[in-house]
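For reference, the structures are reproduced in the following blocks.
In the two complexes below, subunit A is the common chain; its partner is subunit B in one and subunit C in the other.
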Partner chain A sequence: MGIGLALTTVIGRGAGLGVVAPPSGMALVPSGRYEPLFRGEKDPKEVTVEAFLLDVAPVSNADYLEFVKANPKWRRSEVKRLFADENYLKSWADDLDFGAANRTNAPVVHVSWFAAKAYCAWKGKRLPTTAEWEYAAAASPRRADGGKDTQFKQQILAWYAQPSVSNLPPVASRTPNYFGVHDLHGLVWEWVADFNTAMVTGDARGDTGLERKLFCGSGSEGTNDRENYPAYMRYAFRSSLKAAYTVHNLGFRGAKDL
Partner chain B sequence: MKTWLLVIALQIGSFASGGEPKPTCCVTNGAVANTGRLGFGSPQAFTDKSLYQLDSVWNSADGTNLKLAELKGKPQVVTMFFARCELACPVLVHDVKRIEAALPADLRGKVGFVLVSFDSERDTPEVLRGYRERQELNAATWTLLQGRPDDVLELGALLGIKFKKDSQGQFAHSNVITVLNPAGEIVYQLNGLNLEVTPAISAIQKTLN
Partner chain C sequence: MRGTEAEVKAKATKPADPAIVGEETAVLTQAPNVPPPIKRSHATKVIIKLEVREVVRKLSDGVEYLFWTFGGEVPGSFMRIREGDLIEFHLNNHPSSKLPHNIDLHAVTGPGGGAASSFTAPGHSSVFSFKALNPGLYVYHCATAPVGMHVGNGMYGLILVEPTDGLPKVDKEYYVMQGEFYTMGKFGDPGLQFFDQEKAVDERPTYVVFNGAVSSLVGDKAITANVGETVRIYVGNGGPNLIASFHVIGEIFDRVYAEGSTTPTLHNVQTTIVPAGGSAMVEFKVEVPGTYILVDHSLFRAFNKGALGMLKVNGPENLLAYSGKEVDAVYLGRQAEAGSEAEKRVRALEEQMQQAIKSTPAIANLTKELQVERGKQVFMQTCFVCHQVDGKGIPNQIPPLAGSDFLMADHERAIRIVLQGQTGELTVNGKKYNGTMLPLNNLSDDEIANVLTYVKNSWGNTAPAVKSDTVRRIRSETPAPVANAYE
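Coming up: the complex of A and B.
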């Protein structure tokens, strides 16, 4: 067991030595480039995302139930308001009951950033960064660079145009993307580790060090992709969040270094 | 990093020896308690919205380690900054100094001021000590802190502060001054620079009434 783990680590880092199967439920997202939608005056156009492991599906109600069973302080009746607002696990029937059986594999929602972080730590994982998440989410079912896949872009736009359904379907019930990851689009929004690095605030003049022109009328001038509306929406959504917020269509998934 | 391991080792050690866990530090501000425990500390000692529930351990400009809970017992004015900042932070820190200067005589010394650095890498206790001297901040009332990146991110999230490191090692950040009551709950925030400080003074006064 110990030797197996050590070997995995060594081979995982040696690019080209052969791909080791990622742990169950996770997909290996290979290293690549990510172009941030907004960036500072001195920031490069692209950042390199190192290869990492990502859960193939968002965390489900059943998964989360195991977590609260093992960690009473994260139960609905026990959680501290500092770490989750009053709507935490609102759709659950009780502390240890997520309600109807058809919710077993639905993504857990109404969870705060702190709760998501604590769940990931309990699993020996972490939340993905914005760069990692966006990079993985740029892949369509057919190619790593989904930005060139017109049909894929249209499908995402169609989802963003729909209001969220109250009965969320099970996770991983549709086609995975090029990396084998499900549901990055079309199910729920997801927490990222550095959600509070999205810099658009109510009064953007309060921010410093960003491209000034971002905050004038023609806001999209400073961005790299004026047509990527879903990315704008995710960016705006993240910048509106606070760490204790819980929302009916906001879940999360874990990530891990190789 | 080594300091970290040492702190953890000390805590585990004090548990293993079966004795009362020892506080991990010496900065007290007259209100030690809840230190030296793993996990959530003693959450029952704090209100539900108290920032002092955080377990993170910080390095101070005095070269000691402390948990935020050690700031308990008096109102604290908390601001995030970084020492090399040339744009907003000098103004931001000046704003906090204006709050200090505007305190009525009976509140002097009864209010703490906390500067927490975004720059975990560069703002070592020595750098923070130098900053404190250059800015002529009273060491008895001002606490300057360096933390691990994850802990800085978490505190920023709690204070509603957005920040991002750029490729030059500078930080873009929102400018927020937060007033915590003696229990560690957020009671007032100033968002922006060069603002009127009177509302902050009133908020501080209210926490002591």
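Coming up: the complex of A and C.
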């Protein structure tokens, strides 16, 4: 297969590794370069993302149920307010019941960053970084650099133009991207490890100015790609969060070093 | 956790304001309504609770859009406070929202106008306070990245800060706010329409509308007044891109509070500019009954993109102020040289073409479809203001074309009415109408044939195509125009 060959080549050159079969449920994202949307004036234009493993799909309700069964302190009635707000697992029927059967493979939502982090640790994984997530999500179904593809961007934008649904469809039910990863767009938002470093102050227009310099301890020449509206929205979304927040359309997936 | 320490500190050190007496919750209204004037003679603490919702609503007939709103509608709720008031502002982002939102009120003095303090994730809420230092009519809007898209999806509204001694008393107050929408489909393309980033960046709107939708101020949703009353319209422009040229056809603004200032600096104004992210207050006394059309006088926005509303004024006629039509005459300007060699050749070729078309039924069929398409364009430029986009007319005033027995009964009568106009009583589908349709003899033979073919083959109507030749013949039979009384 073309994709397999391409991956082998990239991995061979970029990370100095041979062909690795990723563990079940994870995809190998080869090393590559990523241009952050926001960066400080001394930050490089591009950063290198080392090859890593990424869950092919967001964590489902069924997956998360196993986690709370094994870890009572993350059950809805047990969780500490400090680690998850009052809407934690709000759509579930009970501590160990995610409700309707059709939710089995739907992505788990209403989970805090603390909870997502704990889940990943329990699985021997970690949350992906913003750079890793954005790099993986820049791939369209056909190419690794889908970010420059107007049609792909427009398809992503279409998700924002549709109302939220209360019954989320199952994970991995649509075409995966170039790296074999599903649902990075068009299903739910996802937590990343460093969600609060995006440096959006809430007032998008001030983010290029002095306030941000003071606020974040770094200067800025603003954004890298003024045309990339979906990226703006992801950064804005992440910036609006606090680690204990839970949101009806915010889930997560795990990542792992090679 | 960032900001929390500063927040706590601000709360702890916020000084009490001795001028603030009492507390109240603001009355919020949806356009075109405005909350009642403030009767208080002192400053108070005003609690404003505004909910952000992302909702699917009608943008035009058969066209839906996922609007991002302040208060569930576009434009956002109208807020009315008084100079010196202390506002405790609650921004609640509904749990079903996909995105975080915030609010920048131009009435706020302070960096960002409240934007950073009100940045709120879905299912959460933020509170901040500000003192209304400057009176005026101010725009508020969402300032979350990408700002243009948040505003372009409908996130704007008006907040009025009344001066301490109030605004002059008027009889009617209304809230009208213009905004543009950029959709993937063309104007009128049905179904749920998506935001088109490219059109937005290029500033090529698909829709330019008042109060969030085509026809939101038309027909039974028109704003109203009675003869002799003074009307004040709080006009806002959300943009995100265009500057509006606000005009009321048939009225002159007695006073304009330019750009939302509380001092009426201009008198006797025909059209006033409303900048994107700006406002104006206009006041005028209505003297003559009838329907006044509100437009953005950048006219293609009004007639092709929806920037059109209505003010209906009821009351007795005032013939001294306006006589109504006194002479109705056809005036034919100098026509192209008839009988020239070039014209004869064109005629001959046209006839040849008609013969060829007649002998090929497939082409004849296609020409009808072409006529329908072309006629629709004429209709959307000329006829829809009265007969409405859906051809249903206006109850008791403008007869319907959709399913009209009167229209379908007489092929040539319809042509004559377009050419000569129509006055006096007529009965359509059992209902009597007694209005006036002005002659539209400025339309070409082709345009009349096309528009009639369109109306006779739309909204369930079906009929053969109207031929341009028939129109030409009937036009030639039209009585010679009476001499112009003013010549």
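A few comments on the model shown:
The rule we apply is simple: the second predicted complex is superposed on the first by the 220 of 258 C-alpha atoms of A that agree within 3 Å, B and C clash if a C-alpha of one lies under 4 Å from a C-alpha of the other, contacts with A are read in each partner's own complex, and residues count from 1 in each chain.
The rule we apply is simple: a contact is a pair of C-beta atoms (placed from the backbone, for glycine too) under 8 Å apart; a residue touches a chain by one contact, two chains touch by 3 or more.
These numbers come from a predicted model, not from an experiment.
In the superposition on chain A, A:Pro44 makes contact with subunit B only, not with subunit C. When the shared chain is aligned, subunit C comes close enough to touch A:Tyr235, but subunit B does not.
Once chain A of one complex is fitted onto chain A of the other, the partner contacts of A:Val247 are limited to subunit C, with no touch recorded for subunit B.
When the two structures are aligned on the shared chain, A:Asn87 is found in touch with subunit C, with no touch to subunit B.
Within the superposed three-chain model, A:Asn196 lies in touch with subunit B and with subunit C [touch as defined at top].
In the superposition on chain A, A:Pro163 makes contact with subunit C only, while subunit B stays out of contact range. Shared interface residues of subunit A (contacting subunit B in one complex, subunit C in the other): 196, 201-203, 205-207, 239, 242. Those residues of subunit A that touch subunit C in the shared complex are 87, 150, 153-154, 157-164, 166, 196, 200-207, 211, 215, 227, 229, 232-233, 235-237, 239-242, 245-249.
Listed in rising order, the residues of subunit C touching subunit A in the complex are 1-2, 54-56, 65-66, 95-100, 102, 104, 111-112, 115-124, 143-147, 149, 184, 192-195, 197-198, 201. Residue ranges on subunit B touching subunit A, taken from their complex, read 40, 43, 48-51, 53, 87-88, 153-154, 156-158, 160-164, 166-168, 170-175, 191-193.
Across the complex, subunit A meets subunit B through its residues 40-44, 73, 80-83, 113-114, 117, 193-199, 201-203, 205-210, 239, 242-244.
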